[in-house]
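Each of the next two complexes has chain A plus one other chain: chain B in the first, chain C in the second.
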Partner chain A sequence: MGRFLARRIIICVLTVAGASFVIFASLYLAPGDPISFLTAGRPSSPELRAALAAQYHLDDPFLHRYLQWITDAFQGNFGESIARRRPVLDLIFANLPTTILLVIMTLILVVVVGVLFGGIAAFRRGPIDDGIMAAMTVSLATPAFVSSIFLISVFAVGLGWFPVFGPGTDIGDRIHHLVLPAVALTIAWWPVIGETARASMREEHEREHVETARSRGLTPQHIVRRHVFRNAAIPISTVIGLSFAGLVAGTAIVESAFQLNGLGSLLITSVTGRDFPVAQAVALLLVTVFAVTNVVVDLLYAALDPRVQTSWSRK
Partner chain B sequence: MTALNTPIAPARVLRTIRPIPGLDVVGHVAVLLVILFACLAAFGPLIAPHDPNAVNLSLSYGGSDTEHPIGYDQQGRDIFSRLLHGARSSFLGPLIIVAAASTAGMTLAIVGAWRKGWIDATLAGILDSSLAFPGLLLAVMVVAIVGPGIQSTVIALSIAYTPYMARIVRSAAITEISKDYVAAARVQGFSALTICVRHVIPNIMPIVLGQAVLTVAWATVDIAGLSYLGLGIQPPAADWGIMLANGQTGVLQGYPMEAVSAGLCLIIAICSFSLLGERISRRGEAIAA
Partner chain C sequence: MSLLSIKDLKVSLPVDKERRVVLRGIDLELEAGESVAIVGESGSGKSMTARAIARLLPRRAVVSGSILFDGRQVLDLKDAALRRFQAAEMAMIFQDPRVHLNPVRTIGDFLVEGLVNTRGSSKKAAEHKVIELLDEVGIPDGTRRLRQYPHELSGGLLQRVMIAAALASEPRLLLADEPSTALDVSTQSDVMAIIDDLCKSRGMALMFITHDLELAAAICDRTAVMYAGQIVEVQGSTDLVEHPRHPYSAGLLGAKPNVSRRVQRLNAIPGRPRAAFEVQNGCAFSDRCRFASEECIASEPTLKHEPGGAVRCFRADDLILNATEGAVL
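Take a look at the complex of A and B:
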């Protein structure tokens, strides 16, 4: 276990280090000199050019620049946005609440819908199972931006139940604004949980210990709760962890579709608006979240299930 | 000349089309749809009845008529013709991504599985950690540097999908290479390249093919998403992702046809590719076991 833990953490650190280096070095892969790339054709005063040279330590050797940048980043100093003339960290903090709320709402929906329908499909063979499986296939094949537009068309424009755009003001209003985006993400992600829930519950249901419980005359409800669900919870929680990481990356497109002020839409607007420091900072943040989640999931998996093979060659 | 004059009975043609053994009804529907989309991508622009970029503002959001079955978009362009043209641009990118990622992933995986030792461990480590980097994020970062466009996003997504392909091929190749016939061929003095190209690759091909078809589905989602965000294919090109972005304006004004038709095309295409990919993969695994 100790070696496994160390190995996973080393891989995580290496991933973040590698990804951060790529994100950092990408500035120098761009055609032209860094300052004209950063200002992207905007009129630039000598002061701005000097500020950018200082922010990116352009007068220092290359590796030194990287170390400076990554040290600054871990101290929360991501420099200043070129388009908005504000510290990047301020922008990130301004956009963080929407993304966090959206991810939490989506996770709750995905887990409830996925486990519920996965469970029903596991125990009700025949047409109900087939129907749920078909729904999962279609749902999984519906990209979140397509379902976003369909949802806007029906529930915001047609029925007028939900606002079309924007993040909302107070907390109740915010949740109201985030219902459709969360549903759009849920449509794309619930089959991932649902398929695992169905497969693992069905597998547990056919195991000998369940057979024994049944022969002892325990009620079906008791068997499902105490014997099937508890064991099936291990693979289900692993997949929940993995979907969390994917969800964080997937929010970008839904936030853009609903014009929300989240981290993902901040990344997209900074890319289309050629605001490189912001794009760099958000990309670094997302990659770190992704890598850390993967490690936490692996460790949780190993902690929950002592049988797990603690080597990287697992499937 | 007699052969040419003999009419071919439709029933005779139908009889030559036989069901594929071991494939269920859903799988057959998926095969037919995949063939249909392939034909659309190849010939769609040729059979499109109208110019997809012919603007006529007086027909903005015009309803359907006999010549324009789905109606007009905001700029008065024929939606049906734009859908047909869009099939090509929506599948061309994913096809290149799959070809590139399959070739690169297969080469890396087989070299690793054959050489074993530190080469395999290093490759597996790199591939494992690059799985943590979401493909969409990589593509967005590439666009941040070189600017929006289909070429940069296709290159980025090819790199992003390589580890997924390599991971699946690697485990299949390890099983295949450990089989007795490979050892026997080695003893007979065949070179590593010959054994891999003549025996190992053909035997793991069903698994590669299944994964490749699945990758078409995912890459189609990604490319359409990037085009929707304005980072991939650029307007005024007819593309399903761009049509969704344009159609969103129509949705807000109560004209959802453009967005709905492009969205349905995407959903049906992704559905059929993933259903078919899953079935090929399952069969490949059954053969390998």
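Take a look at the complex of A and C:
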């Protein structure tokens, strides 16, 4: 078990290291010249250009710059934003709370809605199942920005129940501001959990061990809770882990649509604005989150399935 | 009054929009504490019979006839009454314990589950009881086993756990559907011996489903032979093995390779077994029977009761069947 975990963590670190190189290289190789951005397109003297290049180490050899960047990043120093003249880390910290809150709210909504409706569909064959399946298909096919616009026009502009834009101030206000963005993301992601919940609960319900439980006169509620749902929780939690990564990436679109100052919108503005220190730092942070999620999913899997624990301790 | 009395039990199941008959009228009596074996080729409806008694038939199965347990109509039981019957009066042991136990819950969870949830025992009392039961089925270190998961135990041990779980509710009827078939040869006889002993010592009635007529005879008082969704013969087990009355029973005995006898008999029954839904008019076995007459092909024999048993064959009285030779006229 310990060795398996160690191996998973090493893989995780290697993934982040590899990804960091790709992130750094892709921005370096991307078309467009950061110096023109820095000078805002105005004619500039060669001296100014040289000074800027020196400040951002633009003339050093590529590998040298990469190593410099990654060592600094390790020490929490991601440099300074070109566009905003502020330390990148400050920007990230300023934008982090919105994204974290949005992801947590969405995750709760996605899991509750997905498991609830997936579970209902699994056990209520016929029109209810068909209706939920149709809703999942439509939901899955609706892009998050489309549902964002829909939610804004109906619930924010039309009914005025929720604020239209912005992140809010204190915690209650923030949550209020984030309801519609979370719903927009949930519309895109609940079918993923819902479909897995439906399929796995149905499959578990047909299992022989459930037949044993029925032959013992246990109540349907007990069987669903302790056998069907307990066992289906294994595939469901794996899919939750996998969709978590997609969800975090998906915040970018929703944050832009609702003009929230989150990490996703920070990534988008920094990429389009060629603010490469910011773009690199945010991308690296997201990759790290994905890699750590994978390890957490593995741990969760082992916690839920005793057969995995045994095979781990044998390895 | 018998403990279990099955009359004209018919079951059909949906298969691709059609209804498929799987049981065509089962008649069987079982006294309290008595043991009966159900023998027959694959697909003859043995498991379906046991499932009908335990009310575990697939969804949308259509059932008719009567199953009386201690005078109560099992087929009419609903909800709480049905669960009380399942929890207290009967228990079922299945062929493959590996898939019939929840792989992610401990042996302890499984064993105490019934007592705690259907009997209202405390967890502690239930654990105490199942540890004793484990000891009775030949698992001495019960306390440790309760914390283990199914994948940590061998098939033979798991089947003993299933037996202990079945005993925990002190049922009056044990349904054992090929309980040793999926196990290693070395543990098969142990498991059968445990079931046999415990049923006898506790006065529990046993319905034992098997393919093996001689094992059936070793364990059970009576043996019923099934073919195509019907019982074709019932007799005392030793009588059946020595003097089968139905050509199919004789064929089964002949078809069973027996190493202990010097002459290797290979007169297996010709043709393939009929499924219940394929049967038209006439005796279901007539197309494979060496003794089929015009009557056998034209109309269907009924199960005729006779002293010591019952047989479903027009020609039963004309034939003297011999297990060793297959059959002689």
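Keep this in mind: the second predicted complex is superposed on the first by the 255 of 315 C-alpha atoms of A that agree within 3 Å, B and C clash if a C-alpha of one lies under 4 Å from a C-alpha of the other, contacts with A are read in each partner's own complex, and residues count from 1 in each chain.
Methods note: contacts are C-beta pairs under 8 Å (C-beta built on N, C-alpha and C of every residue); 3 or more make two chains touch, one makes a residue touch a chain.
What you see is a predicted model, and the numbers here were worked out from it, not measured in a lab.
Student: With the two complexes overlaid on their shared chain, look at chain A and say whether chain B and chain C clash or fit.
Tutor: fit
Student: Based on the superposed arrangement, let me know which partner A:Arg230 touches: chain B (first), chain C (second), both, or neither?
Tutor: It touches chain C, and chain B stays clear.
Student: Does the superposition put A:Arg85 against chain B (first), chain C (second), both, or neither?
Tutor: A:Arg85 contacts neither chain B nor chain C.
Student: Quick one: classify A:Val164 as touching chain B (first), chain C (second), both or neither.
Tutor: In the superposition, A:Val164 touches chain B alone.
Student: Given the touch rule stated above, what does A:Ser26 touch, chain B (first), chain C (second), both, or neither?
Tutor: After superposition on chain A, A:Ser26 lies in contact with chain B alone.
Student: Go through the superposed model and pick first if A:Ser256 touches only chain B, second if only chain C, both, or neither.
Tutor: First partner only.
Student: In the superposed arrangement, which partner chain does A:Ile268 touch: chain B (first), chain C (second), both, or neither?
Tutor: first
Student: Please work out whether A:Ala283 is in contact with chain B alone, chain C alone, both, or neither, and reply first, second, both or neither.
Tutor: The answer is first: A:Ala283 touches chain B but not chain C.
Student: Does chain A have more residues touched by chain B or by chain C?
Tutor: B
Student: How far apart, in whole Å, are the nearest Cα atoms of chain B and chain C in the superposition?
Tutor: After superposing on chain A, chain B and chain C come no closer than 15 Å at C-alpha.
Student: Going by the contact rule set out above, which residues of chain B touch chain A in the complex?
Tutor: Where chain B meets chain A, its residues are 124-125, 128-130, 132-134, 136-137, 140-146, 148, 171, 217, 221, 224-225, 228-231, 244, 247-248, 251-252, 254, 256, 259-260, 263, 266-267, 270-271, 274-275.
Student: Using the touch rule from the top, collect the residues of chain C that touch chain A in their complex.
Tutor: Its residues touching chain A are 54, 56, 82-88, 91-92, 94, 96, 99-106, 113-114, 117-118, 149, 151-152, 162, 165, 169.
Student: Help me check something: in the complex, which residues belonging to chain A touch chain B?
Tutor: Within the complex, chain A touches chain B at residues 11, 14-15, 18-19, 22-23, 26-27, 29-31, 137-138, 140-143, 145-146, 149-150, 152-153, 157, 164, 245-246, 249-250, 252-253, 256-257, 267-268, 270-272, 274, 276, 279, 283, 286-287, 290-291, 294, 312-313, 315.
Student: What residues on chain A touch chain C, complex-wise?
Tutor: Those in contact with chain C are residues 207-209, 211-219, 222, 226-227, 230-231, 234, 304-307, 310.
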